[in-house]
Every structure is written in structure tokens, then in C-alpha cells.
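If you scroll down you'll find the structure; I have some questions about it.
Note that the chains take the letters A, B, C, D, E and F in the order they are written out, and that residue 1 is the start of every chain.
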Amino acid sequence: MSEQWLTSLITDDAQQGYELAIKLSRMGVKYTQPSDEVRGKLRPVYGEDANSLIASSQVIAINFQTVSAANNYWRK
Amino acid sequence: MSEQWLTSLITDDAQQGYELAIKLSRMGVKYTQPSDEVRGKLRPVYGEDANSLIASSQVIAINFQTVSAANNYWRK
Amino acid sequence: MSEQWLTSLITDDAQQGYELAIKLSRMGVKYTQPSDEVRGKLRPVYGEDANSLIASSQVIAINFQTVSAANNYWRK
Amino acid sequence: MSEQWLTSLITDDAQQGYELAIKLSRMGVKYTQPSDEVRGKLRPVYGEDANSLIASSQVIAINFQTVSAANNYWRK
Amino acid sequence: MSEQWLTSLITDDAQQGYELAIKLSRMGVKYTQPSDEVRGKLRPVYGEDANSLIASSQVIAINFQTVSAANNYWRK
Amino acid sequence: MSEQWLTSLITDDAQQGYELAIKLSRMGVKYTQPSDEVRGKLRPVYGEDANSLIASSQVIAINFQTVSAANNYWRK
């Protein structure tokens, strides 16, 4: 992937950090399955499967650990 | 999601930290499946499935690691 | 949940820390499925399923990481 | 469980630390399913299931992170 | 595997770090199944399975934690 | 297991560290299923199952976190 999509792990606040964690999680899927068409077809499948949603939240949680540590937990 | 739902990882005590971890875990599901209606339909499914409940507790545990570290484990 | 069930992550020794990790793991299930009756029905199911037991041990392991770090690994 | 089975996370070397991680992983199963008889019946099931074995190794890996950190990685 | 494929965990920026995490994740598969032919056959299977894609993203997330810590989160 | 198979987590470089993480992951399986014969029978099963391969890579990733931290990420 030549496109630049990630320049820094630093965000202004915790919520932006959480949203960056979501982006990181989605990019992991996108690198593994680059076709927008295939990913688009899968969306309604995992979006209505409770276990897939829990698994998605878990990937976000792992990436959020990384982003939170990078930002020193946005401690003031 | 434009709404502000997370302003800080700092909580008064460990139990509030655990409850924030639950909120983080739920938001991971909500960002992936924004429809209240669809999530509402899934609730009775995973709520009665032992493995889904264990998986949910795991996501909470991962987020609780983050929140606990942010709060320096609420050490006095 | 208004009841206070977690006041501190600090324990006297490693085994009490492990037992706190178990409590944290169970509370993750309880917050997700608050009905004692439903959880009671599920117990014999996951209690006799090897993969559910391994998954339960994994959640405990993750929470035990948190509790152990909080206690500085009970180093003397 | 009133019996004392864990007194310290400190071990003499890395291999003993790995073996303690195995013990921690097994105790997570034992606390969840205290019956020796039931666990005994499940052993041949997960022992011949590749995915259960991989999952078991994962729980050990998580506990080994904890034990390794406790021992400062047995650095000399 | 005698070939040298990993010389350092240090990368110029976060995106290169993420791409190294992807490489680490793929190498874990390759060491376990060294046959290019078998892995090639499996690609269309997991590439169209939402849960496999989420699981792949999770492995990347775990490796990205390691790479990010190694690079001190690319803080300036 | 009386045999000494792990003397240190310190390795010369990152790739050797990754290979140690693979060894740790395999030993977790071996301790759980000591029979070479049974493990040998399972190998072709998980070796051709995409999800098992992804799960194997995940265990390696977790152990690689430990080995990397032990080696201070092989920073010069």
C-alpha cells in the first residue's frame, strides 16, 4: 500500500485515540483483503453477527492499548 | 460519530474504571454496527450464549488493562 | 450496577490476586448478562465444554496481568 | 479454594517460569470447573483437537508474559 | 528458516511499523505452514471470511503493540 | 518435563527472538499434549486450516511480545 494513511499515533484526546484504534483495526482487514468489493459484501454478514461484533471490539481494544500508551493516556 | 462520549480515561476508583472499560467495549460494537435496532436484536442472542459472554468479558478485561494503567492502578 | 464490589486492585499475595482476577472475569459476564437465572442455566454448558473452560482461563489470565502489575508482582 | 497453591511469581529461571505459567493456566480451568472427574473426561477431547491445543498454548503465553515481567525476564 | 527476513524492529514512522507488524503476522503463518502452495490455496478462503479477516487484524494489532513499543511510539 | 529446553529469553537479534517465540508457542502445545504421535497426526489438520494458522500466528505474536521486551527490543 503506497498511500500514506498513518502519520502519527498522537491524538488530541482519548476519543480521537479510540477512533484511531478503529482505523488501525480496519486497516488490518484492508491489508489482508484489499478488494473494496469483497469487504463490502462481508459487512452485512459480520455486522449482524454478535460474535463478529465482539471480536471487532476486541481488535479495537488491543489497538486502543497501543494508542493510549503512545499518548501517555492523555494524562494532564 | 460526532457525539462526545469519552473525555478522559481517569476515574475516581477501580470500579468506575471497570465500568469505563465496559463502556469502551460496547462502543467498539456500536462503531462497527451503529444501528440501535440491529444491536437490540442481537442482545438476546449473545446474552444467552456462554461463549459470547466469555468473549465479552475478555474485551472488557483488555480495556480494563488500559484504564488501569491510565489510572496508575488507583494506587494510593 | 450500584453495588460496590471492587474497592482496590491491591491484594496481600499472588494467590489472592489470582482470585481477584477470577472475580473480575466473572463480573464481566455478570454486567453483560445480569440475570442470575440465565447465568445459572449456562453454567453446566460451559463447565463441560473444554474450549469454554480454556477461554475462561484466558480471561482470568488477562485480568491477572492487570492485578499483578497493580501489585508490582508482589515482589518483596 | 482454601488450599494454598501460589505463593510467589518469582522463579529461578525462565523454564521454571514457563512451567508456572502452565500451572496458572490450569488453575484457571480448575477454578471454573472444580470437578476432577469432569476435567478428566474433557482431557482426551481437547488433547486431540488442534485448535484447543493452540488455545491452551495462548493462555500459557499470556500467563508467561506476567511471570516473565515479575522476574524482570531473568536478566542477569 | 535460514533466510534473514528480520533485522530490526525499528522503522522510520508509524505506518512502516504497521507494515512490519503485518510482515511479522504473515511470517507466523509461514513458519507454521511453510508450503507456498498450501498457503496460496487458503488465501481465497480466509480472504472472504469476515471472522478470519478480523482474526488477522487482531494478530497484526498484537504485533503492532510490539513494534510500537520498540519505536517508543515514534514520539518526536 | 525434566528436560532443559529454555535457558534464557535473551537472543542475538530480533529474528532469533521471533524463532524463540515460535519455540515457546510449540512447547505450550507439547506440554498440553505430550504425545509426539498425537501431535503428528494433528499437524496436517491445522496446517491446512486458515483459522488455525492465524491462531498459531497469534500465539507466536504474544510470545514475541515477551521475548522482545526481555531483549529491550534489540535497540542499539
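To be clear about the criterion, a residue touches a chain if its C-beta (ideal position, glycine included) is under 8 Å from a C-beta of that chain, and two chains touch if they have at least 3 such contacts.
According to UniProt, the chain labels map to these proteins: A, B, C, D, E, F = Peroxidase.
Fair warning: this is a prediction, and the values are worked out from it, not measured in the lab.
Interface residue usage between chain A and chain E, two copies of one sequence, is largely distinct: under half of the residue numbers at the contact are used by both copies.
A rotation of 60 degrees, rounded to a multiple of 5, brings the CA atoms of chain B into register with those of chain C.
Once the centre of each chain is set as its mean CA position, chain B and chain F turn out to be 31 Å apart.
In whole angstrom, the spacing between the mean C-alpha positions of chain A and chain B is 15.
Counting only residues that touch two or more partner chains, chain F has 46, 49, 51, 55-56, 58, 62, 65, 69.
Taken together, the touching pairs link the chains into one ring where each has two partners.
Beginning the circuit at chain C and passing next to chain D, one meets the chains as C, D, F, E, A, B, using touch as defined. Residues 13-15, 18-19, 22, 46-51, 53-58, 60-62, 64-65, 68-69, 73-75 of chain E are the ones that touch chain A when the two sit in their complex. Chain contact summary for the complex, chain D toward chain C: residues 1, 4-10, 24-29, 31-33, 38-39, 42, 45-46, 49, 51-52, 55-56, 58-59, 62-63, 65-66, 69-70.
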